[in-house]
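We just call them A, B, C and D in the order they show up, numbering each chain from 1.
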Amino acid sequence: MVDLSVRIGSVTLANPVMPGSGTLAEGLADVFDLGRLGAIVTKTITPDLRRGTLPPRLVEYRDATLFAIGIPSLGPDYYLKKTVPFFARFPTPLVASVSADTVEDFARIAARLDVPEIAAIEANISCPNLRAHGRAFGMDPVATRDVITAMKAATTRPVWAKLTPNVGDIAGFARITEEAGADAVIVANAFLGMAIDPETREPRLGNVMGGLTGPALKPLILRMVHQCAEVVSIPVIGCGGISDWSDVVEYMLAGATATQIGTATFVTPTAMPRAIEGLEAYCRRHGITRIAELIGAMRPRGGVPTAAIDPVPAKVSA
Amino acid sequence: MVDLSVRIGSVTLANPVMPGSGTLAEGLADVFDLGRLGAIVTKTITPDLRRGTLPPRLVEYRDATLFAIGIPSLGPDYYLKKTVPFFARFPTPLVASVSADTVEDFARIAARLDVPEIAAIEANISCPNLRAHGRAFGMDPVATRDVITAMKAATTRPVWAKLTPNVGDIAGFARITEEAGADAVIVANAFLGMAIDPETREPRLGNVMGGLTGPALKPLILRMVHQCAEVVSIPVIGCGGISDWSDVVEYMLAGATATQIGTATFVTPTAMPRAIEGLEAYCRRHGITRIAELIGAMRPRGGVPTAAIDPVPAKVSA
Amino acid sequence: MPSALRLADPRVPIPDVHPPYVPAASAGFPVAENLCRVLVNAAVNDDYRLMVAAAPAAALAARPGQFFHLACPPSGEDRPFLRRPMSIHAVDPAAGTITFLYKVQGAGTRGLATLAPGDRLDAFGPLGHGFAAPEGRRHLLMLARGVGLATLAPQAEAVAAAGGRVTAVLSARARDLVMAEDRLAACGCDTLVVTDTDGTSAVEALRARIAAIHAERPFDAIVTCGSDRLMRLARDFARAWGVPGEVALEQHMACAVGLCHACVRPFVDAAGETSYRRVCWDGPVFPIEEATSWSI
Amino acid sequence: MPSALRLADPRVPIPDVHPPYVPAASAGFPVAENLCRVLVNAAVNDDYRLMVAAAPAAALAARPGQFFHLACPPSGEDRPFLRRPMSIHAVDPAAGTITFLYKVQGAGTRGLATLAPGDRLDAFGPLGHGFAAPEGRRHLLMLARGVGLATLAPQAEAVAAAGGRVTAVLSARARDLVMAEDRLAACGCDTLVVTDTDGTSAVEALRARIAAIHAERPFDAIVTCGSDRLMRLARDFARAWGVPGEVALEQHMACAVGLCHACVRPFVDAAGETSYRRVCWDGPVFPIEEATSWSI
């Protein structure tokens, strides 16, 4: 038996695979047993009700997709009355994702969700669509600190900070959230992107800018996870371009304790259970009994790149 | 006849297509007439001689490639004696790209290249491989300002600042370089990325981290070009993921005056002349006589997304 | 069904290029990544292709108006990344087949067009809310144009099979682009072909003809798909006659199971409030009253 | 040449799936994106495939040791992005064909393996510096293992055609993986097959056998490709005999024309200084003296 469990602070996950916020909803329960997941993370909700952005909301772009959904939110009342009970049927830790326009509202919604059915609260300080030109809380060190500090004061639930990749020094932001009391840091939300149709000259998204996600961006986020894991001692959760078990392993080697899968579920709706089964097989194949051993276990390159053969002449017999 | 010419300050380009630094060399002269290009941009050189990074230097990744080449540099003497004469045979403006370890060395090499054969000097303040964890001049506003100021003082050649995309507020950096006297801003160099082999647990690149380039990243850089073009009045040169004429048009609509093509040349060695011919065809098709009309000419979305049909009942005849 | 069905034998096992992977956790769930085998994939006219595939049991539960989200292979320069939604055009549980009727539009459908008999088709579904149950309908008015036919034909067939009468208006640019006329006639539908070429597809002409049919034998339900003009007309009738109307909408999709909110369209309710609903999850079949447009 | 060549007729025009685009600016340049048509693409044993393609004139100028950078089509889950370098295994200007002998390794070569006769092949080249001119060689020692054979065979043939003698050592895991033996024999080379299975490929055994041949009929040049062990052996001989040795190296490539510096390998010169040289532009054929390893 392989022990796939990992710990995010006080929360133990049966395995390191969970969905990215906004890429799981009730509909996926028709496709596979959500009880198999490491955690269930729900779409970000806001204190107020929101419709989301103008369609078109989606552009397919090579191995990436550009989305501008916004946060269509039915608010915390609906969430507590409908969403929580729906997912409470699964034995899996439930993680709520929240966002807001002000620090006070972040605190208020964190307090509102301080219920035992919710295992942790994700702070989406990084959503790129809410503010003009994508400037979000998460791009401002002070706002980042204030949001996490206020949420920690307002709730007994663990608080996970989901960083935006649209910053220069992501490790600095990870450290700020750790100092502010975050129980884990998620690296990262979507990159801000844009596309224009050369024929009509119009932006392809109703919202002009949107989040670029998908496998093509994995190397960027992996680098960020590595940089963050080197400077914080809270768990880092990797999120970005993960398609399968091998990507999960890659993130864990880079320093992630767990991972979130987003866009891959749209391409392969069973991507998450496949990844979990693949992880188990990988561990078996490599004689790994506890998957947690992989966390940060990248090795230095072993090759001897120069002088792979001896440049000094050997004695020639002939 | 379509007028494909664009102006980057005092430099007039026959068309808006040139190579990204590090993706053109003498070898391409065997493949097509380099005289057709808008400009010839050469690989970054440094004042000192450098070997570049440890192999492996390349990982292919979906529609992107992760490179860690470093700056194998033969220095300014070789450049002036060999490289400049080789490219001087073409009628095309020659742009030298330089990098250095200190502000003083940036100035020194800019002074050294103050020769009439060089139409402009690109300041590669963004190369992600030179410093630990990719922190480069271009990630520090003060260092960015100092480099451009010092280069401007040291040379009579126009100075183009090539920004790194690994920052939070790229438009702020564009403004800094404009204020420091840059004649154009290139948006942008490569994103810093990383990849690990799950089987060996080793990083795939000899240098651990490298630059992620290629079509998959186009939406990110396009967004950055748009943000920069909105705040500076010097020309913005778009660079990132451009494969063909339609990408050039997209960048110009977003606000770029010209574009640089990198990785696409590796996939399609004639990508640049193809793009130029494609641009001419595009302009003809759209009745555009001067391609410069496209610069920043993105249109707001025209659609009427709600109530595309009248929600108020029409009088029914039957 | 075209005779081409005989080209390939459904009993031949699917070639295991990529061995089908069924995660234990997903066995027995209603919505599945069905590994099908293409039996037929042939052009029916200049615009449309018909694809018949042998499908596992889960797929055969599809109802009229539901759809599958198809993985599209790369072809030429195209690398379709996301799946593409396609209405179920026919389900034959006895033969174990599902059928799609599709128009080649872009990267995804160009890829689908390259599938040859024997190739694998990954069809995620069945998905979405289909049309109201056919039972009890006395006289269904079906207003289809172009690709709308792909979606509506199975509902017309179902109403006919349940003993109802169906008047199927088939609108197309030209006579030779009309599809499924024989299939609808064979199951007892009255078909009314109208085209742009001969001017019979003009809305006002159509309005008068349908009103005359209604006067003779009243319609008690309307379904439409494929055109904003027909949708408006259908809504006018539904309101005037006080009968339920349904429209099957389209929108580009990512997840197709209600996760991502990419596929929304605006709806305007009786109070004039606009809301966004997910075509994949709240539809693709919607009450005609609140829909604002059929496609972008 | 295998008889399979007859399978397809080179005079049939290349199907214009994507009409060949030749930018005016690139006409007449020595290195081109040659649009070829696959004539044969068949397995020669468990590991290797042979591909013959009808090629335009620019491609037919390829010399032994040069290579092409091949655009590899997507297949299955694979989406190769960059091109893949392949040595020229044969050029037949009369027939207008170029030939590659390749091993299926990963995404790119899996894609190449899917090309069928009649399909288009985009072969960028000819590229790189090949072997020294064959003229004047009296006795060439060729030390090839595995894929090295693909690269060395044309040089052996050229030396033989120029009137030189060639002793070709063909090393392989097992007897049935040895390739081109007939072709080499046909052009007059002495072939020496050694295998791991029967132990004859062991370096010291080989060293003695080759020394014996040299004692009888001295070698005046050595070429090697495909194995570090053979490269070391070749270098030992080159130094001991004072004859020029050449090795064809491999490295993963991006541009293949010296632009990107991705394909470097370390070299150590006589003074012990390490430098990086580009396999694509400075090679792929290098003086054996300074090369440090054949492949990673």
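As a working rule, a residue touches a chain if its C-beta (ideal position, glycine included) is under 8 Å from a C-beta of that chain, and two chains touch if they have at least 3 such contacts.
Just so you know, these numbers come straight off a predicted model, no measurement behind them.
If you take subunit A and subunit D together, the chains in touch with both are B, C. Think of each touching pair as a link: the shortest run of links from subunit A to subunit B has 1 of them. In this assembly, D is the chain whose CA centroid lies farthest from the centroid of subunit A.
Separating the CA-averaged centres of subunit A and subunit C is a span of 36 Å.
Computed centre separation for the pair subunit B/subunit C is 46 angstrom, with centres defined by C-alpha atoms. In terms of their C-alpha centroids, the spacing between subunit C and subunit D amounts to 54 Å. Counting partners per residue, subunit B has 55, 61-64, 305 as the residues that reach two or more other chains.
Shared contact sites, meaning residues of subunit C that touch two or more other chains, fall at 79, 266, 274, 296.
The residues of subunit D lying in touch with subunit B in their complex are 21, 23-26, 29-33, 71, 79-83, 107, 124, 251-266, 274-276, 281, 296. Within the complex, the subunit B residues that touch subunit A are 54-55, 59, 61-64, 66, 133-134, 139, 166-169, 191-196, 198, 200-203, 206, 208-209, 212, 215-220, 222-223, 226-227, 246, 249-250, 253-254, 282, 297-302, 305. Listing the residues of subunit A that touch subunit C in their complex gives 22-28, 30-33, 36, 43, 51-52, 55-58, 60-65, 67, 69, 72, 214, 263, 265-270, 273-274, 276-277.
Residues of subunit D that touch subunit C in their complex: 17-18, 74, 76-77, 79.
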